[in-house]
Amino acid sequence: MDVLGSSFLDISTRIALASLLVAFALTVYRLVRGPSFADRVVALDMLMLIGIGFIGVMAVVTSEYNYIDVGIALALVGFLATVAFARYIYRRAHLPKDDQLDEVAHAEEREQYREQGGRS
Amino acid sequence: MNSLILKTATPFLVGLTVLFSIYVLLRGHNVPGGGFIGGLIGASAFATYTINEGVAATRRAMVFHPVSIAGVGLFIAGLSGVASLLFGDAFMTGQWWFPSFAPDLKYLSTVVLFDIGVYLVVVGAIVAIIIGLEEST
Amino acid sequence: MLLAGVLAPFVLAVFAPTVKRVAGPATGWLLALLPAALTVYFAQFIGTVSSGGTITFSTPWVSDLSIHLSFYVDGLSLLFALLISGIGTFIVLYAATYLAKHADLGRFLMFILMFMGSMLGLVLADNVVTLFVFWELTSITSFLLIGFNHASPRSRRAALQALVVTGGGGLALLAGLLLMAQAGGSMELSTLLQSGDLLRDHPHYLAILILVLMGAFTKSAQAPFHFWLPNAMEAPTPVSAYLHSATMVKAGVYLLARVNPGLGGTEIWQTVLVAFGAVTFLIGAVLAIRNTDLKLMLAQTTVASLGLLVFLIGLGEEVALEAAMAYLFAHSLFKGALFMAAGSVDHGTGTREITRLSGLGKAMPITFAAAALAAVSMSGLPPFIGFIAKEWVYKATMGDFWPLAITGVAILGNALMFAVALLVGFKPFLGRQSETPKHPHEGGPGLWLGPVTLAALGLLAGLFNGLSGGLLVGPAVWAVAGEQVSVDLYLWGGFKTPLFLSLATIALGIVLLWRSRAISSTLAATFDRMWGPDRGYDQFLDLLIGTARTVTARLQTGTLRHYLLVTMLIVAAVLLLPVAQMGDLDITFRIPATDFYIFGIAALALAGGFSIAVFRSRLIAILSMGVLGVAVALVFLLFSAPDLAFTQLMVETLSVVILALVIARLPIYRSDWRGWPRAVRDSIIAGAVGVGFTLLLLSITSRTLDLALSEYFAARSYTEAYGRNIVNVILVDFRALDTFGEIAVVVIAGVAVLSLLAMGGRSLAGAGRAPDSAPDSAPDSAVTGKETS
Amino acid sequence: MTEIIAGVLILIGAFFSLVAGIGLFRLPDVYLRMHAATKAGTLGGGLILLAVAFHSEQIEVIARALAGIVFLLITAPIGAHLLGRAGYIAGVPLWSKSGEDALAGKYDTQSEFLEGHPPKS
């Protein structure tokens, strides 16, 4: 797999991939840790951007330029996911008041579940 | 979710995406792309449109019911297969037509027709599912 | 022409309902023309067949399996063909008048004609598979006919029972026939039966024998499988007269006679056939005397006579085969006549209970005459063919195979048959006329023409025994014995033991007749409590359905989680068990020498996967799946598979979007409340599946990959399909048919989702309430019909 | 020569992506993180796409790369806007040390009615 070209471009792509990887890791951290659900959606959106970065670099490295179509499609679909989740958060906010969206205390929900025998 | 900004941007984005999906579909023969991927992009375009503009707008935009679009797609795919029977080949063998005016145009064929059929099926079926989910509030 | 003969009844059957609508009362006469014509057609063969010749006909059907639609007419099949078409003529006539007022007479005649066609096909078939096809056709038409008045649950049960028993036997027969064809080296019976010795000492001989006997015994209602025949009396009388006395139940006997030259003659063949035959003969005769319903008595005597035939074929010497063929001929005549007479009595008086019938002679003179003649022939009194047949039976039992025992059985059985014959033939017609639900009256010509002719034939065949022997019974015996044997039937054979045995039978018969009322009541008392095979059949079915219900209840619990759990467990087992068993998976595990970032991405994919298992919120699970998907797509990309990466990303994100829509709609708990033990269990199973697939892939990649396929496509992709994107070219050109299947599935999936959403509308409408209060997304109870807890 | 430009562009792009990642990691609340993600992220992705365009020197690749960049520049801000709005309405708390919330008293998240600006319908 060692297709990286020689010279300056070679070095720069390696560095770029390394930093993209770190960014990817940080985004995954935020996605998993994110206190509120909105954080996680932001992380997902960031994930798409980093994906496009990867694709771009790989297009340059392998000079296989058809990859950027994958990038464009990813940008589009990433936007769709963000819109879908944003609307989900918005809809949830309008339902009868229950606490924060994330998994803080759900006491009454757990009791209800246990009353029903908690089997299903 | 009546964000004005979204409403203004959606038509432009959806239009561009549908164009892009058709582009990916038609060049699929020689370059990464093809009916299935084109269909997925088309489906996500209409999904965006449904989420932002609502189901009624999408139905108007798609003119026909999405499932019937999928049906037509399947019919076209079947037709392109059957066409090869007329030329005495087995079912689904590709028939190519090389126009005299452009001898090296290697594109007009039942195979591409089949690909378009696949595209319509994917778009129709997935949009039908998304509309179904959207509508059942 | 033979093929036309066999297929003609099927063709006419299709038009039977229309003929009924058009012709009305004359339907019987019109439709009866075909079987009559067939009888004449087959009759012309008597000349050639009786002089030893055979007629064959063959057209290729499935040639590469060497299955031909081939027919073969010799003495045996000609005798059967004549019986089928001859009696068929009268049955069609009889049925048209008997069911004249029935709404579905057209459909009934259609079934009868279809049965006639399949029966003709069966007796004339030469190719093993053709024989089996017609064999199954007779079972099916018999099912349709028994269950004709499908309104009554009893006839539905009887029809199903008959189908299950004969069908099951048919299955065994198919296996037996194919084994025999494979052992004998040819699919044609005529050539197969020449190589008898090859078959007899072939290692599979025992298996072939058992399977073929299974088929024959279930069809001809031998001992353990005899219970379906009396139950089949639920069918209208024409069916009982035609199928369940003269033709269909004889198919098993025909088969045994047909394969006798090939499979017969061994020690085991003889003992099995004689044993089963004798037992059935006794059971049938005893049960016959016990019953009081005319049709049931006749049905049990049929079972008895079938036992006698099998018993005679089992004996195997020429005399026994002559007796078998003669008895077969006589039985078809008198039993057919008696059944039709019983039908006329039932039609005329409205009841079949022998105890309530007496003194009908004056009201129904012609039926009485026919019934009397047939009964005398059945009881074996001279000068009827029945007498000759019984004489020959006694000559056969005097052979060297346990002579005393089987002669004793023969006498007892025949005596019982004698008593029943006279009971059925004379009791209802003699003495003072008893009152019956309907005022007794003679039926139309259609009703009495059949019984009279058949009974008369019984008499004529007896008188002109030289003719019937030489032309019909003789050639049949040649076919069964395998070589040309001289056969001459005679009425008077001098004062030899068979005559004395007949006299002894008649004496015993009269005694039984006189005490018949007492005997039947005592028998009834003892037999009713006993566990019969009929009850055994019901228990077997209940057991079968019971286990099916419990297994389904355990598997189909209705909650999606159980289905997923079971599926994943099976996948894990399939992947890991062979490894555990084989143990030595030669995996050369080496760290691939590629760039660092691939490991980075793999690590992040792992993080995504891990967070799905650990975190409790379903939303986090969905998003982590997103991470996993993007990471995998990037790996595809890094290994230069753009199409794959493209599709993966698209499908990944779209499914995340659809999941988001679903979560917002369905009343699902946002957080997944499985306790940690269950979460651990799920993770372990998921882990097992993962490890399984990894081992699978490693073992594949460590072997040298067979690149033949990729080279094939690479070479042809541009030259033949003018496309450089091999992946897409394969999808839409080389493997277009698979893609066609796949997009059909996509359409179906779309429609299915829509219908589910439309149907599930109610449970989704509930989503308006705060989703947390609703239970887990257990399916709408309307769908599973089971109240979810 | 184009290789040098491509290399530089990739480096800057990757750097900005990294900055976006760090921003996402360290910033205290969702609204600040959104800034990092959209601004730096889009810039990073855009530059790398630009690098691809330079490196390829083929017209249709450049066209597609530019289309991609335009696309990114449109979708990212809209996405961020939606998320911010939905987050605020859902009541995601601001970072304690950020200045006082300008909309606090004036914007009723339920009816989305801003004081002094009655909803048109």
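As written, the chains take the letters A, B, C and D, and residue 1 is the first residue of each chain.
Throughout what follows, a contact is a pair of C-beta atoms (placed from the backbone, for glycine too) under 8 Å apart; a residue touches a chain by one contact, two chains touch by 3 or more.
Since the model is a prediction, treat every value here as computed from it, not as a measurement.
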item: Between A-B and B-D, the pair joined by more C-beta contacts; value: A-B
item: Label of the chain whose CA centroid is most distant from the centroid of chain B; value: C
item: Cα-centroid distance, chain C relative to chain D, in whole angstrom; value: 72
item: Centroid spacing, where centroids are CA-atom means, of chain B and chain D in whole angstrom; value: 31
item: Whole-Å gap between the CA centroids of chain A and chain B; value: 28
item: Whole-Å gap separating chain A and chain C, where each centre is the average of the chain's CA atoms; value: 61
item: Contacts with two or more other chains, residues of chain B listed in rising order; value: 1, 6, 13, 20, 31-33, 37, 41, 44, 47
item: Multi-chain contact sites of chain A, meaning residues that touch two or more partners; value: 17, 20, 24-25, 37, 41, 43, 66, 69-70, 72-73, 76-80, 83-87, 90-92, 101
item: Residue numbers of chain D (touch at least two other chains); value: 67, 71, 75, 78, 82, 85-86
item: Which pairs of chains touch, using the document's own definition; value: A-B, A-C, A-D, B-C, B-D
item: Chain B residues within the chain C interface of the complex; value: 28-37, 40-41, 43-44, 47, 66-67, 70-71, 73-74, 77-78, 81, 91-92, 94, 96, 106-107, 109, 111-112, 114-115, 117-118, 121-122, 124-126, 128-130, 132-137
item: Touching residues on chain D, where the partner in the complex is chain B; value: 67, 71, 74-75, 78, 81-82, 85-86
item: Touch list for chain C against partner chain B, complex; value: 642-643, 646-647, 650-651, 653-654, 657-658, 661-662, 665, 721-725, 727-729, 731-733, 736-737, 739-740, 743-744, 746-747, 749-751, 753-754, 757-758, 760-761, 764-765, 767-768
item: In the complex with chain B, residue positions of chain A that touch it; value: 66, 69-70, 72-73, 76-77, 79-80, 83-84, 86-87, 90-91
item: Chain D - residues contacting chain A, complex; value: 3-4, 6-8, 10-11, 13-15, 17-18, 20-22, 24-25, 30, 33-34, 37-38, 41-42, 44-45, 48-49, 51-52, 55-56, 58, 61, 64-65, 67-68, 71-72, 75-76, 78-80, 82-83, 85-87, 89-92, 109-110
